[in-house]
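Two complexes follow with chain A in common, the first pairing it with chain B and the second with chain C.
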Partner chain A sequence: MKILAKDKVAELLEKIAQQAEVYVPMAIEQGSGFYPWTEDNKNQPLLLDALNVYNSPKYILFPQTERMYDLKQQGQDLSIDQTHEDSSPRVIFGVRACDARALRSLDDVFLTRGFEDSFYKARRDNVTVIGNACYAPGANCFCEAMGVDLTEPEADVILRDAGNDGYIWESKTETGDKLTRAVAEFLNDKETKAPEAKSFQTQVDYDGVAEKLKGMFEHPLWEKMAEPCVNCGACTYICPSCHCFDIQVKMWGDSGYRFRCWDSCMYAEYSAEAGGGNPRPSGVERFRNRFLHKLEFFSERYGYSLCTGCGRCTIVCPAGVRITDIIKAIKEVDSSVGL
Partner chain B sequence: MSDCNCEQPLVPHIVEVIDIVEETPDVKSFYVKSAGGGLPYQVMPGQCSMLSLPVGEGMFSCTWQEGQEYQQYAIKRVGLLTEELHQIEVGQKLGLRGPYGNGFPIAASRGKDMLFIAGGIGLAPLRSFIKHCFKNRSDYGKITIIYGSRSYNDLCFKKELFEEWPNQPDTEVHVTIDNPEEAWKGHVGFVPAYVEELAPDPAGKVSVTCGPPIMIKFALQSLQKLGFEDEQIVTTLEMRMKCGIGKCGRCNIGSQYICLDGPVFDLTQLKQLPQEW
Partner chain C sequence: MKAISDKIKSIAAGLFDSGKIDVFIGWEGGPCDYAIRPYIARSKADLERMAFNEYAIHNSSNYLLKLRDGHEKIGIVVKGCDSRGVVRLLEDNQIKRERLYIIGVCCPGMKDPLLAIKAQSGLLPQRDCDNLADKCLNCLVPNPVIFDELIGEQQPPHMQGERFAKVAAIENMSVAERFQFFEKEFSKCIRCYACRQACIACDCRTCIYDEMRPQWVGRENSNSDNMMYHLVKALHMAGRCIECGECERVCPVGIPLMLINNKLAKDADRFFGPYEAGLSYVEGQKPALSVYRENDPDDFI
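On to the complex of A and B.
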């Protein structure tokens, strides 16, 4: 099998960086996330051992703000001069299984059901994902309960940390094979074994929850669960699979551009309508919509949950809302109570 | 023929306004063709487009019939974009993308009697279906149109409403306004109550309702009272939209996106969705 020695990682990244923008999990100042491997960042600590970084790689394929096209208005004339699909080659190094699953859900949203989003597609078609298998799930992790195999990230290449022997390098796709050939000089052949995966500290049972939720839209449980939520939207911004966006414009006089930016279903303006109406007028309805989207609606539409079990929303929530508690509560409650 | 920008569904192409007609004090119709000439793209009755000026984009129902080299949009002035649209003049270039949505069940309604119920600007989307029925008159049975607005001035498409449609074969047009007016000799009252009063027989009919959400809610109740079955009750839903293609997440009801899976639903489908509309 192919092995990437740990002391070769920097050199390998250096080599890939000659052909592509490389993103790696790093700690920079107080934050951690996937940052570009640039001269400035190179001496920052790589976080390949840490379980998951604070910010997911979502923004690399779906930037928080993305310029779409340039507009010019002159008198009655209107023109679109340039669109900004970005097809630069990119490599994301060290993606955990939960975040790789989130990329699959972004793929399903942006690339299927009648329309392919050209901005997402340009980035997606030119990205290579190198996964990093997990063997010791963290305190807030529950990906397995959500149908994710922690040791098999859905990626082009999978790295498996075999301790002192280095990383086992397993190519999974043609894109992965291509990259493997390009970095062959840093890989050597050696037999070793990936560790056994440890068991999860957070135990959740999601089985049957999506189905059970079908009849629970009006359940009093929502009011109770939403009570602490202040609708700040932090959980939606940090979530690797939340994909909602707004479309806005920036104009200076006669020229400018239209862009999209992440939006949050936790905000009232998100669904406000003419005449002051809003189908989700209070925080409870917005809270319910978010968690039903994660736990029921998406799986009705695409066949699996939109929550990957990464645990990030639990960490950021200022009000102590835990999606795992929500799943448990739904699992346990009598679905007909109060209806 | 169609140059739908399917490769870049979020990027509009440029169209030119070739005519503007004032329908009511706050509704204008805009006729558009591609900036290069010709039809921007074909649309089915009930489908919509995103029309834009730099200030913003908005979803509007499109009226187009086979053979026409232009599309028509009837637009009510309610906010930022629509206010600016009401200021423009013929020759103005706009952004346009589409067509979006599923459209009305044209094929499934063939051979049926048609009952159209509209309120206010809601006649705009219905009108494309109504025109389709008249154009293919023998495909449809009796046509009944029930339409209402706040006042006489607010009635859209008066020429069709009072002159053209009532003279079509086997067609009834019933118009109502919310409050009495001196010159108005017709019916006064809300649309749903008028529907119950007219009590159309459900046998062999498809009803299609379009209007403000509150009118839709009551009209659907009236239809059920009159004995219409769920699958005979077709309506359109409206929610705030941004992308129009089922990606931005904004217009969901349960697992359905109104922009993509709707805006047209029948009551059987609506009953399977959360009551959030």
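On to the complex of A and C.
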């Protein structure tokens, strides 16, 4: 098997960076995320051995703000000057299985069911994902319960941390093979073993929850569960799979540009209608929508949950809302109560 | 803390029994100490779930906003900072004093449950979570300023050192340095509005950032839109921020928001004072910038 020695990682990143923009998990000040491997960032601590980083790689494929096209207005006519589809080559290095699953959910949303989002596609077609298999899930992790195999990130190459022997390098796709050939000089042949995965500290039972939720839209449970929530959007923006966006325009005189930006179903403005109404008038309806989307709607459409069990929403929630509690409560409650 | 927790529950039980309250705002215990979270009990039976411990840091007064349109009589537990939040809401006419039965807790200072959950999450980097929370180390008012019943011994201020030392460091920067400093901090902002939602002074029914016609503040995650968001928020806080520090505590990207709020508190006091927001409630009393007087000083304009 192919092995990447740990002291070769920096050189390997250097080599890839000659051909593509490389994003790696690193800490910058109090935060962490997937940041570009640039001259400025190289001295920041690389977090390949950490369980994960606070900000997922979502933004690399789906930036928080993405300029779509420039436009000019001439009388009643609009002309589009330039579109900003970004097809530069990128490599995302060290993605955990939960985050890799989230990228798959973005793929399904933006590329399948009869419509291809050209902005997303331009980025996606030129991204190589290098996964980093997990063997020791953290206190808030529950990816397994959501149908994710922690040791098999859905990626082009999988790294497996074999301790002092280095990372086992396993190519999974043609894109992965191509990258493997390009960095062959840093890979050695050696036999070693990947560690055994430890068991999960957080136990959740998601089986049957999506189906059960079908009859629970009006259930009184939502009001109770939404009570601590302050309706900020921290959970949605930190989530590796939340993908709602708004399209807006900025004009100066007769020229400007259209852009899209992340939006959050936690905001009143998100569901505001042109006529002034709002079908989700209070925090309870917004809260319900978020969890129904995560646990029911997406699964009905795509066959798997939109929650990947990474645990980040629980970690950042100002009010202590825990999605695992919500799954448990749904599982246990009598779904016919109050209906 | 256990004694305080028991005392709160027994007072609340009495209030439910005597019909003095219909709901009770406090904290719900979780699977571990730091998993405590705000809770609204709707019956005496719900009190079973309630708890109070060294992680009960959330500003409980924020949860009054969920009940402001109702008629329920509300029991609420407040620490010093939370009690100033209650004053904020009373001054802003968001809730009537006669609806409230306030149980004050003299606060020994809290730990931050967000730092605690991060510390055991496996995500890096982490910060020390064993000390009192930053917001508590900057606290001058640990004892409730408005209450119907008080629990615990009066506590000394937890703040060590000079109150405005960090503000002074910013004031001493050149204009360009200051701009750079804030530009860098605001560039981290992801516009999740956790700071707004956790803020008790943000009690507007329609927030300027949610207005679409016209859209006052752009939604791009850019320096100019982020700067606009924070500047507008700051000016709305002048003379109104009760310095509970929740905005800074809940920020998922670590923007030092209290630097701005402390500066505004300092200026409100200097230009319109002596003035400290939410230190006592007198019926009809308004925050410094919510009244107009012909003899207001205007020499700084």
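The criterion applied here is as follows: the second predicted complex is superposed on the first by the 333 of 339 C-alpha atoms of A that agree within 3 Å, B and C clash if a C-alpha of one lies under 4 Å from a C-alpha of the other, contacts with A are read in each partner's own complex, and residues count from 1 in each chain.
To be clear about the criterion, a residue touches a chain if its C-beta (ideal position, glycine included) is under 8 Å from a C-beta of that chain, and two chains touch if they have at least 3 such contacts.
Just so it is clear, the model here is predicted, and its values are computed rather than measured.
On chain A, do chain B and chain C fit together or clash when superposed?
After superposition on chain A, chain B vs chain C: fit, no clash.
What is the contact status of A:318 with respect to chain B (first) and chain C (second): first, second, both, or neither?
A:318 sits against chain C, while chain B stays out of touch.
Who does A:51 touch here: chain B (first), chain C (second), both, or neither?
second
Output check: A:71 vs chain B and chain C. Expected answer is one of first, second, both, neither. What do you get?
first
Which of the two partners, first being chain B and second being chain C, lies in contact with A:231: first, second, both, or neither?
A:231 contacts chain C only, not chain B.
May I ask you to decide whether A:272 touches chain B, chain C, both, or neither, giving the answer as first, second, both or neither?
both
With chain A's C-alpha centre as vertex, what's the angle to chain B and chain C, nearest 10 degrees?
It is 90 degrees after superposition, to the nearest 10.
Check the superposed model and tell me the shortest C-alpha distance between chain B and chain C, rounded to whole Å.
So the smallest C-alpha gap separating chain B from chain C comes to 7 Å.
Do any residues of chain A touch both chain B and chain C, and if so, which are they?
Looking at chain A, the two contact sets intersect at 246, 263, 272.
State the interface residues of chain A toward chain B in the complex, per the touch definition above.
Interface residues on the chain A side: 68-69, 71, 73, 76-80, 83, 85, 109-110, 113-119, 217-218, 243-247, 249, 251, 256, 260, 263, 265, 270-275, 277, 279-280, 285, 289, 292-293, 296-298, 300-301.
So in the complex, the part of chain A that touches chain C is made up of which residues?
Listed in rising order, the residues are 27, 29-32, 45, 47, 50-54, 64-65, 136, 138-141, 227-228, 230-234, 236-238, 246, 248, 250, 259, 261-264, 267-269, 272, 283, 311-312, 314-316, 318-322.
Which residues of chain C touch chain A in their complex?
These residues of chain C touch chain A: 28, 30, 35-40, 58, 62, 66, 113-114, 117-118, 120-125, 127, 188, 190-194, 196-198, 209-210, 212, 215, 218-222, 246, 249-250, 252-254.
Spell out the part of chain B that touches chain A in their complex, as residue ranges.
So the residues of chain B in touch with chain A come to 6-14, 53-57, 78-79, 88-89, 91-95, 213, 238-240, 242-243, 245-250, 252-255, 260, 274-277.
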